[in-house]
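You will see chain A twice below: alongside chain B first, and alongside chain C after that.
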Partner chain A sequence: MLRLAPWLIISLLVGPILAGLAMAVLPAFGYLPALGGEAASLAPWQALFAQPGLARSVAISFASGLVTTAISLAVVLLFLAGASGSRLDRWIRRMISPLLSIPHAAAAFGLAFLIAPSGLLARLVSPELTGWERPPDALVVNDPWGLALMAGLIIKEIPFLLLMSLAALHQLDAERRVAMARSLGYRPAIAWLKVVVPSLYPLIRLPVFAVIAYASSVVDVAMILGPTLPPTLAVSILTWFNDPDLSRRFMASAGALLQFGVTAAALASWWGLECLVRRLGRGWVTGGQRRRGERVLRLAGKALILLAAGTALVGIAGLALNSLAGFWRFPDALPQAFTWQHWQRALPSLGGPVTATLMIATVSTLLALGLSLAALENEQRSGRHPAQGRLTSALTLLYLPLIVPQIAFLFGLVVVMEALGTRPTTWLVIFGHLLFVLPYVFLSLSEAYRRFDPRWTRVALTLGATPNGAFWRVRLPMLLAPLLTAMAVGLAVSIGQYLPTLLLGAGRVTTVTTEAVALAAGGNRRLIGVWALVQASLPLVGFLIAVGLPRLLWSNRRGMRGTP
Partner chain B sequence: MPIRPLALLPALALMLAGPLQAAPDPTDWNAVLDEARGQTVYWYAWAGEERTNDYIQWTADRVAEDFDIELVHVKLSDTAEAVSRVLAEKQAGNDDRGNVDMIWINGENFATMKANDLLFGPWSEQLPHYPLTDPENTPAVRYDWTIPVDGLESPWSSSQVVFYYDTALVDAHPRSMTELLDWAHDNPGEFTYARVPNFLGNAFITQALLELAEESEILYANMQEADFDEITAPLWAFLDELHPLLWRGGRAFPANSSELRRLMGDSEISLALSFSTTEASGAIANLELPDSVRSYVHDHGMIGNMSFMAIPYNAQHKAGAMVVANFLLSPEAQAHKQDPRVWGSNTVLSVETLDEADRARFDGIDLGIATLSPDELGEVLGQPHPTWVDALAEAWQARYVGR
Partner chain C sequence: MTDPCLELDLIFDKVHIALHGRTLLALDARIAPGEVLTVMGPSGSGKSTLLAFTAGFLATTFEATGQVRLAERDITALPAERRGIGLLFQDPLLFPHLSVAGNLRFGLPSATPDKAARVEAALSAIGLAGFGERDPSTLSGGQQARVALMRLLLSAPSAVLLDEPFSKLDTALRHEMRELVFDRLREAGLPSLLVTHDHADAAAAGGRIITLE
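Up next, the complex of A and B:
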């Protein structure tokens, strides 16, 4: 049974994605019988390339994939190099979970309200410092270069890359390496960058690729912060799919394939950049320079991460303020009055979506946890250890749902499901969520699972326990903390899913996220504030349980509490 | 539930008939009511406004009470999502157990569904409440953007474009597109409209064309490619001059009417437009706009249209959907909808022809401080043919996107 687990996982992830992609390829070449497309043709591609501003859409999507990733990664590495052991370090580590649990859309709304010409920052300093009685006419949010979009993505990707780096660092014994380098006279931050980063990067390479893919194809953040004339490619595709003129479906399918290509091109360019950095960096690493730049690097590492974390938190605080605001005229720093009206209006309709969200998230996370545990236990018993970070290992397939743009295969997947006669039900949505929950659960669990000291199991076996007994009574209880963390990650991923819920649930399954995005279409910032706070607080509860429960259960066993 | 063998017979007959299940016949209304009892109706409706959602929830409570129908609001951010869904079902050969029972629809989405045979009907003209709209004298009920309705959709709401402005910031509002241009020259950055092809953006450029074109009659027939450039030339000259004077110099546009409203609330702009005559009053009550905002219309008249309920050809609960659509047409539901404290969406009923008790329901409504009275709203201009609106939207994008 256990031996089937890896195959089950791979077919669960790969099958639907390939089927969905196939159903995007057919219409892209003119085949869609329901709309009278019976013969292969290149017309959809001609229509696509005739779209005004297409080159610009593609350029922004491509650039935001690369720039977002480069900056997020740089900030994370500089922070780890410059701040380890400091009080800031401990604070940021505690903030990772709350920051991760803020949904992308909520963070984007928070940022938009913070930096807009009529936003919170302008209100705080106006009219005293600026003399603005009216907001200045400056194109800050939705700028044509996508800078606001990239900023919004960066503040969300930093916590993700940080979490992945911290998990990988456990394998590297970074302290000893740095101590060795310091004994040779290297300053701490320089030492970290020179002796830890070259070994760390290969371990976080796949998460980095996932960030590139996400940033180049994101829909909700781009709708809120991205350029509008034209929007990014992914947003354009969504509008074409939703166009009342059904013949645009052909062009939209071609666009979905183009998006696939743009993401692939961004990944390939990143790979080229890797080679370049490796070549240029080698000289710097081995050059023997021990202290130059130390202070700047330390300062940059601390300042940048503070800026990113602070922006996200102040943005959310701004939304919270909005959810309680009466009329709030520019340039007042605070609303004229506070009211519970917005919460009171929203509360009666919160119950259903919150229950559905929690149910879907719990079931998909438990399924993912079961499959991941089965695969990992199989790996342990068969004594095989997959090569990590290498692109050729089977583990790479786990990343497929994170690297293939959602918009490229989800529409096709809906058609496949329809053709199979599957009714859109909560189960179908759970299955759709599993595609994205499973990789994250597996990735956050696998590290702790593989590092688990094999001697514990051996002791249990010599004392007469069966392999299953050792698994249930020794391994699982000792891994409680990482198990709960993996579950919290899974819950957070599931709660944040928008497109899979909408498309596979046929809109009938409403979760907090689908409600929030539908309301976001209404642009009422006060209601958005209410829903974004609810949306952010649900995953936070999961993270709190993950931290709190082991401490409670193991209050008499300090080593089991799993504090990082 | 006790099983009564005789009661199973009709069901058995239906099963034998296979997928060609008999559609409910609206002329036999009692049979429709019987069939609808206990059904769950999935109503796919745009959900960007909290007040709309609250009204739909009220409807759900009422039809559960009166007709034993469970009404589920499937919340959309774009009506075309529902059209996509029906299309995907047709593509997959699902012709008799579709998920979408009822869609709030009009204009291009209706034209598309009608042209692709995705609609059930005719049914709407047989609804018991349909005569209350006085269809003989109300062409808007029979033509949706000039496309004949042919009984394929039942009227629900009527709306008209109005402008609104902040009297604290603007002294005298413009009364025509030409005056709007002059006003924008004096007040650059103070006005913008929704991004085309959003329906409000389309409405603005269509309104501009109706006011500026030499001849507007031609816009109400199927567009001929040859006429397009000549007819629309004054529009492009107008927009080319207007855009640099808009908010953000016309380099960005708000996505929809609510974002436009938010810009007013943040006092980034002082003049905007809406497809709802009660928008300003509702937003003031909702604390989104200052109470110094008022509405106005152009002397030329303003574009107006109706929105409808349609039932997809493969809907599973057609009887339930018909009963809900008929309830939505009742004087009770229509008057409740028109109250700005509830929603403020105008009725499609011909109020003068109602009996006294029903007329009183409408007379008692307070429309709010920023809402124009029916007399002040002036002439309603019909929506041009969808082919024109499509072509305008496409030309707009070719001209202004990616510059």
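Up next, the complex of A and C:
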């Protein structure tokens, strides 16, 4: 049974993606009998390229992938180089999980409320500094260059890359390396960049690729913060796909393939940049400069991460403020009155989506957890270690759903499901979520699982426990904390999913995320505040349990505090 | 409890372990009940490989031939939990999520009648009466080592492997634990294999000594 788990995981992840991509290719070349397309043709592509503003959409999607990733990665590396061991370092490490748990859509709304012409920032400095008595007529959110979109993504990708880096740093013994370089006269931040980063980067390369793919093809954040005329490529594709004129689906499929190409091009360009940086970096690492610019690097690392974390947190506070605001004249920093009215009005319609969200998140997370545990336990029992050849490739496949743009294969998957006669149900949505929850749960759990001292299991076995007994009575309870963290990550990933819910549920399965994003077009800030805050607090509950439950259970077990 | 006619020796019959074609160790030995055979050798001499092989944890990359027999059973191919071989590590490795009593109960076979009384008696026997509900991490190093030994004995093994069990204790404690462990093993009439690089351990064990190169 256990032996099947890795294969089950791989086929579960790879099968739907390949099927989905295949079913995007066929309609893109005119073949989709259900809609009357029976002969191969290039018409969908001609229609696609005739769309006004397509080049701009493509350019922004491509740039968003590269710029977001470059800035997020730079901030993370500068912070790690400049702040290791400081108070800020400890605070940020504690904030990672809550920051990571904020769904993309909620963070995007928070940013929008902050930087909009009538947002919190403008209110704080008006009219004293700006002289504005009325909100200026500037397109800050939804700007045509996609800068707001990139900013929103950067806020969210920084905690992700930081978490991945911290996990990888466990293997590197960074402190000793830095100590060695410092004894040779290098300032700490320079030392870190010169002796740790070159070994760290290869370990976080796949997460970096995932960020590029995500940022170049994201839909929900782009609908909230992205440009509108024209929108990003992914948003355009969604519009065409949902067009009442079903024949536009051919063009949407061609668009999905184009998106696949854009993301691939962004990845390829990044790869080119990697080569360039490696070349230039080699000279710098051994060039002998030990001190120059250290203070600037140090300051930049601290300031930028504070800016990013602060923006995210103030954004959430802004959501809360808006959800409680009564009458709020423009330059006033605070509303004149507070009211529960928006919450009371939203309450009746919140129940259904919240229940659906939690149900989908719980089931998909438990499925992912079961599969991950089975695969990891199999790995331990067969004594096959991930570094030894075969499983490295399997691990790479885990990243497939994170690197192939969602929009490129989900449409195809919908077509496959329609062809199989499957009706859009909650189960189909759960299956869709599982594709994205599973990799994160596995990645989150695998590190603690593989680092777990094998002697514990050996003690249990030599005391006569069966392998299953050792798993349930020793390994599982001892790994409770990382297990709950993996669950919280899974719940957060599922709660934040927009596109899989929308497409596989055919609009009939509503979650807080689909509801909140749907409100974006309306622009009712009070209502958005309520929904986005609910969306942001659901995953937080998971993380609170993950932190609190082990403390409660092991209050009388000193050896269980701070283990794996 | 045991049939006196049954031969209870731990036997290494032409055991030979190699890695990538290179011989690591060869052993042909018989350990009688109550006897401690000491295997000595510098690190890298294959001591831990011998233990892993005997306990059933040898990685598949090693090529092992020969037989290990215990109480007239060939255990070479059995899974670790069915070999009846107990293992005492360098660290006590008390399960941190269980109480002291919970750790001892983990050792007891599931069909044992009146477990609570057995656990209480075991605690008294090592001078830790009333420590049952304590968190193992609040015990001193010596107390933890004693609980680990008792847990091993409660699991009623047919033979015991000792993996440098005293190397992490301070000098005074080391002396005391040596005496306790070897007395208990003799008393229980268990064939034991001690792996160490400390000559004092070997002397205290009082049995034959085999040196690996």
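Assume the second predicted complex is superposed on the first by the 552 of 564 C-alpha atoms of A that agree within 3 Å, B and C clash if a C-alpha of one lies under 4 Å from a C-alpha of the other, contacts with A are read in each partner's own complex, and residues count from 1 in each chain.
The criterion applied here is as follows: a residue touches a chain if its C-beta (ideal position, glycine included) is under 8 Å from a C-beta of that chain, and two chains touch if they have at least 3 such contacts.
Quantities reported herein were computed from a predicted structural model and do not represent experimental measurements.
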item: Combined model on chain A: chain C and chain B, fit or clash; value: fit
item: First, second, both or neither for A:Ala325, with chain B first and chain C second; value: first
item: Partner chain in contact with A:Gly464 - chain B first, chain C second, else both or neither; value: second
item: Which of chain B and chain C A:Thr396 touches, first, second, both or neither; value: neither
item: Chain A-centred angle between chain C and chain B, computed on Cα centres after superposition, in steps of 10 °; value: 140
item: Chain B versus chain C as contact partner of A:Trp456, first or second or both or neither; value: second
item: First (chain B), second (chain C), both or neither touched by A:Ser537; value: neither
item: Chain A: partner with more touched residues, chain B or chain C; value: B
item: Which of chain B and chain C A:Gln171 touches, first, second, both or neither; value: neither
item: Which of chain B and chain C A:Ser199 touches, first, second, both or neither; value: neither
item: Closest Cα approach, chain C to chain B, once both complexes are overlaid on chain A (Å); value: 48
item: Doubly contacted chain A residues - partners chain C and chain B; value: none
item: In the complex with chain C, residue positions of chain A that touch it; value: 383, 455-456, 458-467, 470, 473-474, 477-478, 480, 554, 556-560, 563
item: Interfacial residue positions of chain A with respect to chain B in the complex; value: 32-35, 52-57, 116-118, 134-135, 137-139, 142-144, 223, 227-230, 241-246, 249, 325-330, 339, 341, 345-346, 349, 414-415, 418-419, 421, 423-424, 502, 506-508, 510, 514-515, 517-527
item: Chain A-facing residues of chain B, complex; value: 42, 44, 47-50, 53-54, 57, 72, 74-85, 87-94, 99, 107-109, 111-112, 116, 188-189, 195, 197, 247-249, 251-256, 258-259, 261-262, 265-268, 286-290, 390, 397-403
item: Chain C - residues contacting chain A, complex; value: 55-57, 59-60, 79-81, 85-87, 89, 91, 93-97, 106-107, 109, 135-138, 151-152, 155, 157
